[in-house]
Structure formats: structure tokens, C-alpha cells
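This is the structure, below, for whatever I ask next.
Lettered A, B, C and D in written order, each chain numbered from 1.
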């Protein structure tokens, strides 16, 4: 467990009387694609929000590279090296692809306060942005206005934006949602490539993709972790089958 | 302040708060349900007061004036919704601000053209003209208590309308998600027409019923406009109970501000608003 | 529109305002100067409304505070020094904005609008109800600021032309500075916050700090406008801080079109011109003004600056909006 | 405000628009040059008064009074025709200097007449002093205008706040009141009025036990009425005007205070508001420099003339406007309409004895009327004269160095 980049221990989150996450523990290792699955309302999004700092846990703690980051706000966690994408596309529509990614890259710059020098003339940042765009395969689209792009392309853009922040832990909330089969395959391929020197947590409904790409799968039901392990182990688990995989229709919706 | 004075000032605060609620209730509806920032709300209050003045002059009776004035106000509201506001729902709030600001100027000048710039009064209806003795020197006019009672009834009525009736359900659904309601086959435009007309009627009704105590004068709408916004916002947008509580809070802040810190009474209401919003950034009762 | 035509237009406008004092009468020179000051005021608000997405309904407070600083720094029988009083006024306005921003930026949307209003009203009552600045009747600035530096006076603001050009230089500097700021790293962060604040947080931006900085800068620039207004007219009243003023400057920004400082300039001049023309026409000029505003909203979404683009579209498209 | 999304526009289009606006402004600027009449023989009079907003009725009354006198004089003053330049000041002090400049710099009027609102008048005085424009105030009562700001070119035909309130001091004392509470809006005029009353009342031997104020223009009086009832003073002195005055008097009556604690005020309380007050206003005693039921011939002629011209009864504001025209006429006649002889013109105006509907008055050294103050009683829709309480009362003109 020493190579865990991000570790959650006993995370609990209550909304009023409702417990959305109860005693959730999981760890993300470098080089590992970790999938978080479960039926609707299982608490996956809450879990990701707790890890990214968008929500504060009611109990439990989060360690990043051995450091306790439970008290850090979302932007502080981002600066520490945890990046995330959202369930709904969450990009800057009126900006171009390049401007979107450049803004992400710029967040790592110690002197973001510069008010005079033109932003577009900052070479170091531009290079970092270009690299991230190339990595997700959007180089040809760099000048397009995001509002005019397809859904799949926007999801790619989101990945590029996370990459541009130099995140070592990537939290992806349903990056494949709404994508066609071909786009999905490309995205899975991309995620796999990105895993080499990073840790990725993937919340996903597409079970084919999850079983094809993930090294570890955690199944959540009713806000709790039901089972966690390698894909074969999950496939073999009777509890998971009963709670979740039993209904084949749901899986391949 | 001795105890009796304190009690009487508390009564003053409650009474003023209820009156403010009456004025602000229409704004809460339009603002909360339709999401329209209506700066012309004060103008509708002013129109109501002048309607009361003009109609009482014609009919000699405030009740008859109310009977005639309320449908007129509703008609005006429906007309405005149909002609102007309907085109703004999908635009941003700032354009609504601009439009309703323009309407303030239009209504104020139309009022000047139609009825002049003099100060007018409306007599308190004879059956409510008595007063109740509170101390050897001070009495309390019955009409003010009547207004308070009407305000309470109105608050209850609005609550029932929104939370307990079918149309209220549709209104709330429309507030939540316009597209969904349309998908369900409900004519959202008609709902908005009704809500807007209702909001305008409430403002005008407040003006009519307050006219006997407030007098009728140019610029009277501007005075209530900002206070109404203060109340709606600190109450939590769209919440009838919130508006009621907020109106009472402001009633107390104003009354006791004047008594306890007279030199800074002008600040009191705004200090309270700032404090409430810093404590609860989305109002006391966020919806 | 081609880039060269654009440049040509810019130069034409610049030539017009440069030549104006030499062809226009004293009154209209002053009126254009007023337009320039309000343009600074509107641009400063546009930094909040159009660029950062923060709708402030209390912007007149910083305008008024700076005007009062000038009034209070001007001794009864002599002029205040421009090079001292201007920076002080701007600094005070900026600091007041910083303090107010510290509180108000915790709220969002309509709540933000109302809290900014609340703080502005408090500032209004401080000047209206106390003797701090002459009370409700206002206070005179008996002498225009003196531009003397160690005995040498480069220009004399008592000369209307000198004052006009000083105001023009300030307006150009604010315009240029804000354009530059918008394209800087800081500016792109502000625009990111406007479009999607949660995303900015997720990318590691402490957005509160940037918004606070924008709020203070906008307050300071409004202070430039307020200072110049006090210097131009020599009379400072609590009404400078009233919500009507805050509303008017917001109208200028919306009327002109947001997010691009040229729109704020156009809005300011359109507003001044409308008041001027209509008031000269009829006693009931506010009826016309109101009607024009209503019409502008219905038929001119996006403000004046969006007009040419709309004219190019097919008429049917714009008709059913 | 999630739906809020600013429009992104191309900079070019904005410049087009700015250019258009600037060009339009430039054209407007050049127009007056073409129109400028080279001393056409008419005297240019600039009327800067409120024609919109809360004080619109007052602005119209002043204008009517002024024009009535000019009409009676055959449309001429000092033998020369009159040309009016009119500006609506909206009672907005923030635009006061600019609006004054419209008349002084753009239209280059010979005489500036205005206004109702004191804050706006302060702005006008500033411009008038700097440009040495002849300035006649037909209403605004700010003590400063004929105090620290007094100047050879500034005249007033109305009153100073001090005058209308000071006269009430002895009256209240004579009505056997010893402890008095004052109440007004927290603004300059209110403070000047209540201070002047306190000055006179305490000089007579009474005591102002509490000075209460409420924020302008707030009209929720109930907390103060409760306090007054608890304090039980011998009398209450207030200063309110317009809609606020009507509401206060009604509230005061409805609280049952009229029966036990008499109410006194400067006449603005009951001028133009009696109809709105209804029964609550009846019998109120106020002091002012004008009243209904005066018996002098001038007043009767004035009233008849005003009623004929405007189908309405004149009020104190109309009188002040009328007298502003009279005062100017006196000065202009002395120089035969030659406004360039400023020194003589001012001298004639200073020495004038104005045969006003309110009764004849002269001007103090600071150019404020030295006039009789009447005690009036509200009866029906009129403020009937009871007596002259202060004969030829002159403002002390504190701070005037003329």
C-alpha cells in the first residue's frame, strides 16, 4: 500500500438525514486505472466530490502522497496535484480549445497575477497547453470554439485540461457518457495511456469499458463499498452479481 | 424605554413589518417563480395607490374602489406580460433590469400626465375609522390593525395557493424546470401570465389598501422598491414564509433603529441585510 | 469588418474627441468631458459585470467616496495638489472596495447584487446623515486641483481645455489599461470565473482572491471617475453615492453591451446624449427616455455594440426574438 | 443568476457605434453656435426648476407665478422682451452643476431663476458665483444661500429656513408650552428649521427636551409617535413637506395625539397637503410668510389673475415665483433693460420694496426678504391668516461677509 498516491479512509458524508457515503475507503496507486461503479444513487459522485474537495466529508480522512489533505479546499487540492472532470461537460464554451487548456495550464503558474503582459504571449504556458492538447489528440482542433464542438470532443478537451494542470491523480466522472462506440474506444485507449505515470479514478456506467480498461474495480451500493478488487474477482463475486450485475439489461443500457 | 413603551414599539414593528410584507409579496412571486427582476414593482404599488385615489373620488367608497381596482390591476399585469415580459424569460436578468427601469420612467410620467403632481389623500373607510386606546395619550387606529389582519390572511392564502393547490403545483414545477413542465403538456405561458398578473395585482392592492394611511404622492413607488427587494432577498427568493419573516425582521430593525440609534437609523435596515446575507448567503429560507 | 476599417474608426473617434474642444462650445466640451468621465465609470463596472460576471448594484459608492476625498482634501482657500489628491482618492476608493468586497464576495447572483446595494446605501447614509462631508446639502470643491510639481506647473486644470485633455488622457489610459488587463493572465482568469467558476476552482484557482482583486481594481477606477467628476463640477453631494447612480451606470453598461470596454463607452455617451436630447425636447422627457429603454431591450438584445452584427442578420431572425 | 451570460461582441462594431454617437454629439454641439442670437434684444431668463419627480408641482407653481407677472407686464421686463430657457432639474443634486451650466454656459442666460430643492440650489449657487450670473432663488430655503454663500449676484424672494421656523418659537411659548419635542427628517433643511425654532423657543424661556430625526425620505412615523406619547411634552414642533407631511399629520391624528399634545410647524406642513390630510389637518397652526385670507389689494388682484390664467388657486410657491419676476423687473427698469450695467442693477434690486401678494417686503443686506411672518390656521382647504407673529423678520445672515 505504500505506493498509494491517494487514500481515502472511512469517508462519510451526510446530507441532513441522508447518508450519501458511509465509511468509504479506497486507494489509488500510480499506474493504476481504478474504476468506481454502482447503480444510480450509489454515492459515486458524492465520493468523487469528497476526493476533489467539492464537498467536505462528515467523517473520515483523505491522504495524498501520505499527507492529510482532508481540510484542503478544492482549488488547494488541485494545486497539490489532484485533477478532476465533471459528469456534465464543464468547459468554457465561448473560448477556443487552446484558450481552455491554456487557462488550465496557467493555473500552475506562480505568477498568475500578471495584469499587464498579454496572456497569449506566455511561452512556457503555451507549450504546456499544446502538449496536453496533443496528448489527447485534439491538436487539429486547437483553434475551434468549444461551443461548436461535438460532445465527445468536449470530453477529450476536459481530459486535456486536467492534464495541463500536471495532476498526478485524475478523477473522471463518467467521461464516456453520451459517447458513440468509436469515441468511447478512443477515450478508453487514451485513459489507458495516461495511466502510465498517474493514478486514475474512473466513475463509469459502461461496464464493457470498465472491465476492459480497469486494473481495480470498486463497487458501491447505497453509499457503501460492497466489493473491491481485480476485474475477475468482481466478476466472480456473488454479492456484486446480486446487487448489480444480475440485471444484464441495465449493464448494457 | 419602559416596558409598556417596549410593547407598543413591538406592536409598531410587527405592524410595519406586515405592511412591508404586503408590498413585497408580489415581488417574491414574480421574482421567485418567474425569475424576473422587476424594478417596476414600486410603480405598480404607486399605480394602485393612485387607482384608489381616483376610484374613491368617483365612487366615494374604498371597497367599491377595491372591487374595481383589483381587476384593472390584474388586466394591466396580464397586458404587460403579454406585450413585454413574455419576450424576456430566456434573456438574462440584466436585460430585465433595464426594461423594468424603463417602465418606472414611463409609469411615473404617465401618472404625472394623467393625474398631476399633487399630494392626495384617501379617507379611511368609516367603519374602520375608530381607534383603540393604548395609554392615556396614545391610541392605535383600527384601520392599521385591519391592514395587519389582511396581510396575515394574504400570507396564509399565498402559502395555500402555492403549496396546496394544483395551479400552485404547476407554478412550483415551472419554477423548477420550465422545459420539463412544457414536456408534460402544461401551458407554461399561461401560468406565467397568471403569476405575473397576480404579482402586479398584489403590488397594486398593497398600494390601494395602504393609500388611506400613506397618502398618495409622486415618487411613492421608489420608496418601497428597495425595501421590497431587501425583504425578498433576505427572506430567500420565492419563499412566502421567508418574505414574511424578513419583513418582520426589517420592521423591527427600522422601528428599534429609530428609537435606539436615531443617528444611524438610515443604516439600520442595510446593516441588518448585510449581516443576514453574510450569515446566510442565500437568505433565511433558501428555497 | 476589416481590421483596417476598424483602426480607421478608432482613429476617427480619437480625432473627434481630440478636436472637440476647438470646435465645440464650452458647454458641450464640458458635456463630452462628463461623457468621458462616465465612460471611465462604466468601464470600471464593466470589468466586474462584463468580464468577471459580478453584477454590482453599489458601484456609485466608490465613485462618490473618491469625490468626497477630493472635497475633503481641498482646503477652503486654495487648491489641492493633483499628484497627491488623485492617488489618495483612488487608493481610498480601492481600499473601501477591498473592504466591501471582502464581505460581499461570499454571496452570489441576486444576493450579491443586493449586498453590494446594502453597502452602498450605508456609505450613502454616512455622507447624508453625518457632518463628515457637509451633510445632505453637499460640499463645494472651491478650486480645481493644481498640477504643480515642486513649483513647476505643467498644465493648469482651471483652463477648461487642459481639464478636458487631462480627463481624455485618463479615459484613454483606463481604456487601454483595461483592454490590456483583459488579455492578461489575470484577465483570462476573470473571464474563466465568469463562465464557469466551479471549473476554475477545480483547476486550482483560488477564485475568491481574483474576484476580490477585480472588485478592488474596479472600485479604484470608479474612484478615478469620481475624482474627476468632483474636479469638473466642483460640487459633491451624497447623491453621487445613491442607488440611482449605481443603477444609471449599470444601465450604461447593459445599454452599450457588456464585456468589451468599448461597449461601456458607447453606453455612457448614449445615455448622456439621450438625457440631453429628450430633456431639451419636452417636459415629459422621461417618458421618451423610458420608452426608448424599453424598446432597446426588446429590439436590441446585447446592447448598442451588438447592433451592427444584428443588422447583418436576416430580418426574420431578429423579428421573432 | 446562472442564466447570466454576457454577449461577446467584436470590437469593431462597438467603435462604429461610438463613432456614431460621438458624431451626433458633435453635431449637437455645433448647433447652438449657429443659433446664437447676437443680443437680439430679448432678455434671456433661465428657469431651472423640478418638472418631474416629487417636487414637480412646486416647480410648476413657481414657473406659473413668474410667467404671470411677466404677462401682466406685457411680456416685458425693464422694457425688453423675455426669452425663457427651461431646464428640468429633477431635484437631483448630482446633476445640479451640469444642469445649471446648460443655462449659464450653453444658453448664456442673463438671469438664472431656481430652484425648489436646497441641495440643487447649492449647486446652482456655485455656478452662479463662479460665472457671476445674476441668480434669483424663488424657493430653496437653505440658510447658506444668504449666509456664507451670499454674493452680490445672489438674491432670494422666498424665505430662509431660519425665518419660517424662528417665528414659531414665541408662538409656542405663548401657548403655555414649556417642554417641546421636535421631529424632522435627518437632512440639512430639517436641522436648520428645528435649530432655529429651538433658538427662539429657548430664548423665550422654553426647553426643547428631545430632538428626534428619521432618515429622509422615510415616512414610517409610528415609533416616534409612541415616544412622543411616552414623553408627554407640552407641544411638538415638526418640519415635513409634501407627501411625508400629509402622512405625518394623519398618523399624528390617528394616534390620538392631537387631542392632548398640540402640533406646530412651519407652513410647508400644510401647503398643498390639506386636501390629502382630510380632517386630520383641520385647525393646525403653522407659520409662514404667506397665508390665505390676506386682505391687501395686491393679493386679491394676484389671486384673481392667477385663477384666470391657470384655472387654479395660487400657493406660496406661485407667490415666490411672482415676486422673483417683480424683483427682476425693479432692477431691470432701473437700468432700462441694460443687463450689462450690473452694479446699478444689483443696487436697484437691493433697494427694492416689493409689493408682494404676501405684503410688501424689502431685502436684507444678504439679499433675503425682510418680511412679515404669519400665524395661520388650517380651515377647509385654506391656511387662514390668524395674525402677524413676526413683523419684518430678517434672517441673521450668519457667515455672510457682504
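In this section, contacts are C-beta pairs under 8 Å (C-beta built on N, C-alpha and C of every residue); 3 or more make two chains touch, one makes a residue touch a chain.
In this text, all values refer to a predicted model and were calculated from it rather than measured experimentally.
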| item | value |
| --- | --- |
| Touch-network distance, subunit A to subunit D, counted in steps | 2 |
Remaining connected clusters, assuming subunit C were absent and nothing shifted: A | B, D
| item | value |
| --- | --- |
| Centroid comparison with subunit C (C-alpha atoms), farthest chain | A |
| Centroid spacing, where centroids are CA-atom means, of subunit B and subunit C in whole angstrom | 32 |
| Distance from subunit B to subunit A - Cα centre to Cα centre, in angstrom | 48 |
| In subunit A, residues with contacts to at least two other chains | 94 |
| Touching two or more other chains - residues of subunit B | 93-94, 108-109, 112, 263, 266 |
| Set of subunit D residues in contact with two or more other chains | 1, 4-5, 8, 52, 186, 215 |
| Every chain pair in contact, whichever chains are involved | A-C, B-C, B-D, C-D |
| Touching residues (chain side subunit B, partner subunit C) in the complex | 31, 37, 84, 87-88, 91, 93-95, 97-99, 101-110, 112-113, 226, 229-230, 233-234, 237, 263-264, 266-267, 270-271, 273-274, 277-278, 281-283 |
| Subunit A-touching residues of subunit C, taken from the complex the two chains share | 180-181, 183-189, 191-192, 195-196, 198-207, 213 |
| Parts of subunit D lying in touch with subunit C, wherever the complex brings them together | 1-2, 4-19, 21-26, 28-30, 32-33, 51-52, 86-88, 92-94, 96-98, 101-102, 105-106, 118-119, 122-123, 126, 130, 142, 144, 186-189, 191, 215-216 |
| Subunit C residues touching subunit D - in the complex, by the definition given at the top | 1, 5-6, 9-10, 12-13, 16-17, 20, 23-32, 34-35, 49-50, 53, 55, 108-110, 113, 125, 128-129, 135-138, 140, 194-195, 233-235, 237-240, 242, 244-245, 256-260, 262-263, 265-266, 269-270, 272-273, 276-277, 279, 283-286, 301-309 |
| Subunit D-touching residues of subunit B, taken from the complex the two chains share | 2, 4-5, 8-9, 12-13, 15-16, 35, 92-94, 108-109, 112, 116-121, 123-124, 131, 133, 135-141, 143-144, 213-220, 223, 254-256, 258-259, 262-263, 265-266 |
